[in-house]
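Multiple structures are listed underneath, in structure tokens.
The two complexes that follow have chain A in common; it is paired with chain B in the first and with chain C in the second.
Moving on, here comes the complex of A and B:
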């Protein structure tokens, strides 16, 4: 199973994909905010989104799985 | 002045308190829930809780800060840098409450905070500005017309901007068309003002700024320059002074232009005039920062003057304690900013510091805001410490800086110390020949989105 992990610890400020979406490699899936900086999290692989594990306002840690791809 | 409230946090709150203590001035810290256990709260004579962690509810909460000043009978407020330091309405409110604002007048803060107004004032005063448009752009068509007249590449900027937000280099019309709406949107979101303008983009630029000080009687001096070209995401990482790029004649012209700029706006207090310097040593006014800079310590270690003491004296109505002819570069000074961030991607790395052991060396000054056990939260700026090193020569300072970084131990979170070591060892840096592209040229494109 392919997954997308958070690239830093921070708060989820926007979720750009939903289950069922087909995404391409390098596409932004979530935007995190930490220490006054907004950072998009990109998918390293193409695929179909099965699950989005983070909601707006959630705090995630570096390496946490936030999106699961088929 | 008997008691100063410091409307800031972390290292700069501690730095200001140090001088206050030396001058016999009592200090009041204000803090959010997230900062309850930080050293600056403990070290202040008094500390007042002002709200929850997010800055709009605490460090930008004007009512809470004014109430804290009133309840502790503080007679002055020092805003530090960032946060409310360049907020015209806050400065005005402080004065209306009968308190001293340690900084320039609200009017000057407002004029310099609006980049287009600042450009206009400087141009009228004969200070060189980057060729660009006079007024804000009404439409994207106007943007492309202006850009065509100026000539590409151009820099698209927000008039209320700062920190690189809403700024975009456009090398051709298609890029400007693409960038315009999103930059405008970001400016609106961040500054509540989406006035945009374009100016000529200076290739291979250097950021060199001049420290100035002005008293209430109209005396203005400069305290030489700081070379600030080593930046990531338009934020400074390393600053040094004297600049290895400037020759004595250019330095003199630059510093004179800064004094002229300060006089043109009737400046009082400490301020910094930022310039962009091209390959041929032509310089242009970029902006004026109407506050104490993060990197003020470079000037202190180079000249031997305490800039915070100077701020307090000026705010107290005293004349400048220093004459221009006495200002000299006595040493070479370098500041390294230690950020809680990944040294490769430069992404924030909040967490708990398990071990914090700064170097204890002669000619190495540490201005920091954390200790072992400190939780570095995601709410604020990632800078946790500044290391300011000086030497008889630049070479000596750089070598001492390498040793200092080698002895700086921080565990539990990631820091940019390995990256700072790379910079110090870099051949181009050692040669003193670097531009604002220095970091970008050494890292992959994906790190700098």
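Moving on, here comes the complex of A and C:
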């Protein structure tokens, strides 16, 4: 199963995809706030979103799975 | 008599040039690999080639050239020395004459003061020959000693086509750049089999030491090539930026305007300090069309490093990438920058810093990984660089991030800013929180509290106003975005006459 992980520690400020969406490689899936910056997190792979594991306001760590792809 | 001797010789030469047995050539094809002599044809400009040591180990009968070709040819019109493993001969492994040939081509490159290219595809040492090739004065250790000695004197380039195992893995490690062929190239000290036997780890070769892993995770690889042709072309392109040796000037090419699709800088850089943008767009709007050659593209992507041309002249670019991890500096990005700065400085390639940096990363993970010493390494390399260096504050430069990006205190030839740039110990939100934390907590009414915060942020903004900084000579110029390329071209033209000796000591104690 393909997954998208956070690439740095931060707080989720927006979620750009939902289950059922088809996403392309390099597409932004979530935006974190970290170091006072808006940090878009990209998917390294194309696929269909099965689950979004992070909600707005959640703190995520580097490596935490935020989106699961089919 | 001479005719018959010549015929015998020609036969022997032709035989040796065929390399190993046909079955090993078949194996190359299966692996999508080229024969060593075909690689050399792609690398060199033309037929011009001088080879020594062709008859190495000829008496053994089955070890043509002892598994390595050492030759001199031309790349972009420049004479270069090459050592190239032949994996059809005992898997490219090293015997005593293999090692001696490699040492000799290094010595030749040193005397001629020309670039040295290592085409690596080798299983490592022939353990059966270890006494002759491993421990002695002219054993394999001398190859690495020579590499260290040559570092910074002549460009050393490694193209990795296959394995580079155990001690052999240090050949790429001591080169200026390592180009790896995806799926085929690998570097490792202990093979997967050894890892399982010695430490009980079960892992595939690709995961353990594959090209993609090294180019994106370990940082041991600089360029990931899809195939051998692309890898060899990358080496040729890379060398087009470099002089033959440190005492010569980098080669010039005809000037070109930026690509036609380059965007206007004012539309690239958002005014909102916290919003992401793609720094590659800014680089493309500044440099000559199609001249940007990125190094470590897949590694520590929050910082971009690459060679390019400005008005036909080579320049080394170090740029924060706000689109990745907010452009914050991490352990790996600091390491990547330090290495790249040292490379450019060694060979007289001017430096361009494009700063948009919120600072160095904070938190447990990076402190434990030693972000302070890695940051120090970057700052040390940048401070010591004496080539022309220009720092452009594109949008913001906070904290030690400002220092690391060659700001005023580190003797750039100029520290210039685009309008809208913010230079400060930290951004307004963090600063107000740091200074007035207790006061903010003490205000009970939320509206009143917010008003207080807004007022203090506004005061802070006024304190770090760019015109105030220019007025105090902290930045040397505020440049209109539309004139940035022209300004940089003019400045490098002026600074090219720069002669600076940083210090007369032996060398610093590197903070690594």
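Following the convention adopted for this analysis, the second predicted complex is superposed on the first by the 70 of 70 C-alpha atoms of A that agree within 3 Å, B and C clash if a C-alpha of one lies under 4 Å from a C-alpha of the other, contacts with A are read in each partner's own complex, and residues count from 1 in each chain.
The rule is short, and it goes like this: contacts are C-beta pairs under 8 Å (C-beta built on N, C-alpha and C of every residue); 3 or more make two chains touch, one makes a residue touch a chain.
The structure presented is a predicted model; accordingly, all values stated were derived computationally and were not measured.
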* Asked: If you stack the two complexes on chain A, which partner ends up touching A:34: first (chain B), second (chain C), both, or neither?
  -> both
* Asked: Of the partners chain B and chain C, which touch A:68 in the superposed model: first, second, both, neither?
  -> neither
* **Which superposed partner A:50 touches (first chain B, second chain C, both, neither)** => neither
* To do: Have a look at where A:11 lands relative to chain B and chain C in the superposition and call it first, second, both or neither.
  => first
* Doubly contacted chain A residues - partners chain C and chain B -> 7-9, 33-37, 39-40, 62
* **Residues of chain B defined as touching chain A within the complex** => 233, 340-342, 345, 347-351, 378-382, 449
* Structure fact -> Touching chain C in the complex, chain A uses residues 7-9, 33-40, 61-62
* Could you pull out which chain A residues touch chain B in their complex? => 7-11, 33-37, 39-40, 59, 62
* Which residues of chain C touch chain A in their complex? -> 274-276, 322-328, 358-359, 361-363, 365, 427, 429-430
